[in-house]
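Shown next, in structure tokens, is the structure this report addresses.
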Amino acid sequence: MTDNERFDGRTPGQLRPVTIERGWSKQAEGSALISFGDTRVLCTASFTNGVPRWLAGQGKGWVTAEYAMLPRATNDRNDRESVKGRIGGRTHEISRLIGRSLRAVIDFKALGENTVVIDCDVLQADGGTRTAAITGAYVALADALAWGKERGFIGKKAVALTESVSAISVGIIDGVPMLDLAYVEDSRAETDMNVVVTGAGAFVEVQGTAEGAPFDRDELNALLDLALAGNAELAVIQRAALEG
Amino acid sequence: MTDNERFDGRTPGQLRPVTIERGWSKQAEGSALISFGDTRVLCTASFTNGVPRWLAGQGKGWVTAEYAMLPRATNDRNDRESVKGRIGGRTHEISRLIGRSLRAVIDFKALGENTVVIDCDVLQADGGTRTAAITGAYVALADALAWGKERGFIGKKAVALTESVSAISVGIIDGVPMLDLAYVEDSRAETDMNVVVTGAGAFVEVQGTAEGAPFDRDELNALLDLALAGNAELAVIQRAALEG
Amino acid sequence: MTDNERFDGRTPGQLRPVTIERGWSKQAEGSALISFGDTRVLCTASFTNGVPRWLAGQGKGWVTAEYAMLPRATNDRNDRESVKGRIGGRTHEISRLIGRSLRAVIDFKALGENTVVIDCDVLQADGGTRTAAITGAYVALADALAWGKERGFIGKKAVALTESVSAISVGIIDGVPMLDLAYVEDSRAETDMNVVVTGAGAFVEVQGTAEGAPFDRDELNALLDLALAGNAELAVIQRAALEG
Amino acid sequence: MTDNERFDGRTPGQLRPVTIERGWSKQAEGSALISFGDTRVLCTASFTNGVPRWLAGQGKGWVTAEYAMLPRATNDRNDRESVKGRIGGRTHEISRLIGRSLRAVIDFKALGENTVVIDCDVLQADGGTRTAAITGAYVALADALAWGKERGFIGKKAVALTESVSAISVGIIDGVPMLDLAYVEDSRAETDMNVVVTGAGAFVEVQGTAEGAPFDRDELNALLDLALAGNAELAVIQRAALEG
Amino acid sequence: MTDNERFDGRTPGQLRPVTIERGWSKQAEGSALISFGDTRVLCTASFTNGVPRWLAGQGKGWVTAEYAMLPRATNDRNDRESVKGRIGGRTHEISRLIGRSLRAVIDFKALGENTVVIDCDVLQADGGTRTAAITGAYVALADALAWGKERGFIGKKAVALTESVSAISVGIIDGVPMLDLAYVEDSRAETDMNVVVTGAGAFVEVQGTAEGAPFDRDELNALLDLALAGNAELAVIQRAALEG
Amino acid sequence: MTDNERFDGRTPGQLRPVTIERGWSKQAEGSALISFGDTRVLCTASFTNGVPRWLAGQGKGWVTAEYAMLPRATNDRNDRESVKGRIGGRTHEISRLIGRSLRAVIDFKALGENTVVIDCDVLQADGGTRTAAITGAYVALADALAWGKERGFIGKKAVALTESVSAISVGIIDGVPMLDLAYVEDSRAETDMNVVVTGAGAFVEVQGTAEGAPFDRDELNALLDLALAGNAELAVIQRAALEG
């Protein structure tokens, strides 16, 4: 291995193989089984005509998301949150991140009084589950909105989805900025960042954390460059899936 | 449609197409993605050397199971049990049934002080999720035990798994006993029965419920006949999967 | 002791002494303190005019049940489920069984928009608590329905209760099928079955479990024969209590 | 009715009929089914050799109590606390009161490293459930301690129970101080007081609450006089039960 | 130290320094940061126009209270009740006491259909937190009611607050009755009593507990005398704060 | 108001008045009451010799944090999380952020097998509660570590705290990047970012969220510039507090 070669042979700026199996679920209004390498997330979008009570009568819709992991998605089995009777902080945090990311590309007036609930269930986890979830959830959401339009719940000319959105992780390992960290990389990263970007390349979320030493402005900039490039690739893959 | 023809063209005694994707999970010691028609259940078996404290020092092992359903496995989305903070009665009941069914074919002395936790997560539900779960869990369990043997946690000559076990639903619809009910059938059945049977054809569990009118001895016997035949077919499919 | 003699001198097909103290509670619309030997269950039926929201406006009623055990009903004290903050799987399962068994003999149209909640609280447990609960709950339910009729909540000519229902446990111990297992018998049984039957002798629920070796068709049939005979006796005792 | 005549014909200073059915439970080391009129509480005392971890190695024992009410002990059915998943403030408060009251008559050194858990389950409620619970719990506790002595867990000469303890409610209704309020009286009382007293007539707990207008020193004194007299009667009844 | 001198130099009948910082919170309709020595409690009163559903349409208002302690208000850190997922018995009990004490001086008809929620959060605990809470809550409540009157939610001539109310602890230490126990005193007291009194000197609550030996009538009387005197001083301090 | 003038007269790059009342708590090993304008957070640090079980025997320490808000810290009262029985996603997320931020400046080897638990309780909220919490928690942590050193739990020459750490919020309002948003500003911001920085000016956390339109690279850079400047000021204030 040369210095910058990764455990799976990728270059620092290379994504893992990404696949999107659109319409995986027979029952949901929109769905996608997305994989980033060995990470596999089932994303479903449930469309309901009507909104929660606190929003009623304002002519606006709502999009929310829940993230969860099967107990044996990981190398060691984790107790179920339903059995523990409470949702952990990490789960809450990621659910909120997915919801905010998708809402950033929704025009709630155009959506009308409709609700979409996104479920992202990690079937297998190998790093980057939240970024795969956001990227797959966008596809499921797009299909659910198309479903709502076909049935007349959304106006014919309404553009509820203003842009595409995707997410990727970046990190610094042994001083080298790298794209789309797998689990073995993630656990060694000194700095870890998740970047959510629109199809047009604008930032929706930037969440960077120093796991080891704090990071400086140059490192931050290098990571953002990688993340923008990676998200541009994801946007192409999403478009292909939706046109497929 | 003739009188006894079913919505999907099956005869009363015919199973839906059954597939078992063995080793679906990269991480679990044993796993199977099983489908009974559109019902799809991911079964994983997590092997741990050692036993819970209440069993320690007795030279015996333990097998337990948890069942759950993704929120959008069904036609309408159900709230997550983790979000509600409590597990529903139906979930509890099915988890217990799966655990008992698998323990019936385990020799705990031969297993030694090892624990296997089975997770059955319904990814898509179209009737018969508990019977698919038991049938798939057996395959995952067999692989996890083989894994434990290879690594020396189970004795070389020990036969921890004494037999195979599978399960199928039967029910009476418009007076006709039928095998392997899909959701649209299940919701119309007057009587509904789940029958867990060993590979040798002996009963492990018989759970019959009158949904409409109570049932008589002849109806009970007709249902048991169908269930024994169906389970015999499943045993063949399980064997094929494990040899595949 | 001869081979088939039981610890308390009963023959294999003999019930324990059964008593039903009808109207034990001063406050409930129907109540019965039932004992199967040393098992004692207080059953109350609470009648309410009106139905839960999800059923409103359909002209139909509802019957539901909850089962629980006092902490020191057993030989060793169990923690209270209220203190643990969650209901165990066994409690859920039995509550659901009692509810289904009683609903099997209710004509919901005849009941009209009324609700009956059954509470079965085990004051002392010595095996067969769920079967005693169903058998006693029927008596409490009958009285609550009579109460509802007297006050005009149920139509004068309406027959809300279509039949009687009772339940008994059976099991195989040392190869011998036996009726109405006490705790010391239950814990030794190879096979354990609870059978819920209407007064006319039709099956409402059949729940058989192999605790040790799986059981065959002949054993199943012998158990069902015993259970039908035992339930026929219980039906006589219930009738006597309601006429007393 | 003359001015001070009560709804059930009692005089202001008269107890309701009190009965104590000692040894009601076959399984608990001590038990008593106590009734104060229509209030009926089942008290059990569970004796365990050993103490909770936080107390181990100090040569001292522990006594604790839990109070609960069956859902239909009252005129309207209350939801079960186990179903709600949390214990209400009132339940907590009464459990703590019972525990403190019993601990006041225990010599923990003499008890040795043993634990007694008292359960007071209200089967029927008609006012005064906490005072009946304390009074009955004392009898159950005494029997459990005798059980522990017989089996040698408590030293032969040790006097773990230093005195008897009982409790009664008093209140002011239409300006008249009255003893042992039934439910219909309790809900009309301007002032309500529960008084826990030892057999020797000393105070263990005095809990007085102004439900309507605040009360003055004279009223307080009149209530305490009544309560002392009532508890003296209860002490006689307890002694008779324990000698019976 | 002479016999009766206290650890901080107070006489047996002397209060700790009491301060009331009225209007501490910028946001609440009424608030007070009260200290009894090193005990510091932040009391806020939240005024809402309208009442809970169960009270609607009766022309009456409602006042309720919640008590809590910061995790490090005490010498050793306590786990948060929000993290444990349940409120302890002590917290429940004190919340209920505060609510009852304040409701004793409210005329609910005069309050009209308005609700006041009192929050008493202990920032630092050194004994007497519940008595400080009641005493400070009264000041917060008075300000919240004044706020409601200014805005016209309460009638101009309505007197919703009929009297002042305060509370103090008393106890017997080494046989000497003492006022306003600090933590080191409280943990040594043989008898411990909390007394809630109106500004006019009438009792709202008397809660006396024998921590060691039971107490007799003379001791009870001595404690009540001390408590009445202490509360009279508190009433003066409250008045000064409200006029300040 | 000129274009860039803020509601309280500040310039875009100006902090609100910051005060740190060090040692506010008499009981905690370290504490600080910090205010950013009207936002007031009580931070305590509880030092314990020893570590959680999962870390024992590795010669390393642990630092963790919990964040919470009093119910009436805000303009409208929020239900207590202890009463709801579950911690919300926002609370979890902020607790985790504070913990990570502090751990970034800890040398766990130097800390030795000691644990510090940080509690940040918001007494009054006016925007920026999480950044005030981190900034104040650092001061409390520093004092708790000094306490541990004085008592010999931390080695004499060990430098457990490697740097200072502080946090500030920045956001874009009407297109203008602004520092330290108050609540009225925060709710209008198009983009909102929390930046955690060490005393040396390196990044520990960057969390930027597009509340309205996504943001571009230039906006991101402008916000980071402001945040670095603001944190530099906070570092000076922290140093002054610790030297004071």
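Going by the order they are written in, the chains are A, B, C, D, E and F; count residues from 1 in each one.
The rule we apply is simple: a residue touches a chain if its C-beta (ideal position, glycine included) is under 8 Å from a C-beta of that chain, and two chains touch if they have at least 3 such contacts.
Everything quoted here is computed from the prediction, not taken from an experiment.
Considering every other chain in turn, none proves to be in contact with both chain E and chain F. Two copies of one chain, chain A and chain F, form a contact in which over half of the residue numbers belong to both partners.
Matching residue numbers shows that A-F is the pair in E-F, A-B or A-F whose interface repeats B-C, with more than half of the contact pairs in common. The distance from the centre of chain C to the centre of chain E, each centre being the mean of the chain's C-alpha atoms, comes to 51 Å. Chain C and chain D have centres, each the mean of its CA atoms, that are 33 Å apart. Residue positions 85-87 of chain D are each in touch with at least two other chains.
Here the chains link up into one ring; start at chain B, go to chain C, and the full order comes out as B, C, D, E, F, A.
Put simply, chain D touches chain C in their complex at residues 25-28, 31, 38, 42, 44, 46, 66, 68, 70-75, 77, 80-87, 91, 117, 119, 121, 123-124, 126.
Against chain E, the residues of chain D that register as touching in their complex are 86-90, 92-93, 95-96, 100, 104, 193, 197-198, 200, 202-210, 213-217, 220, 224.
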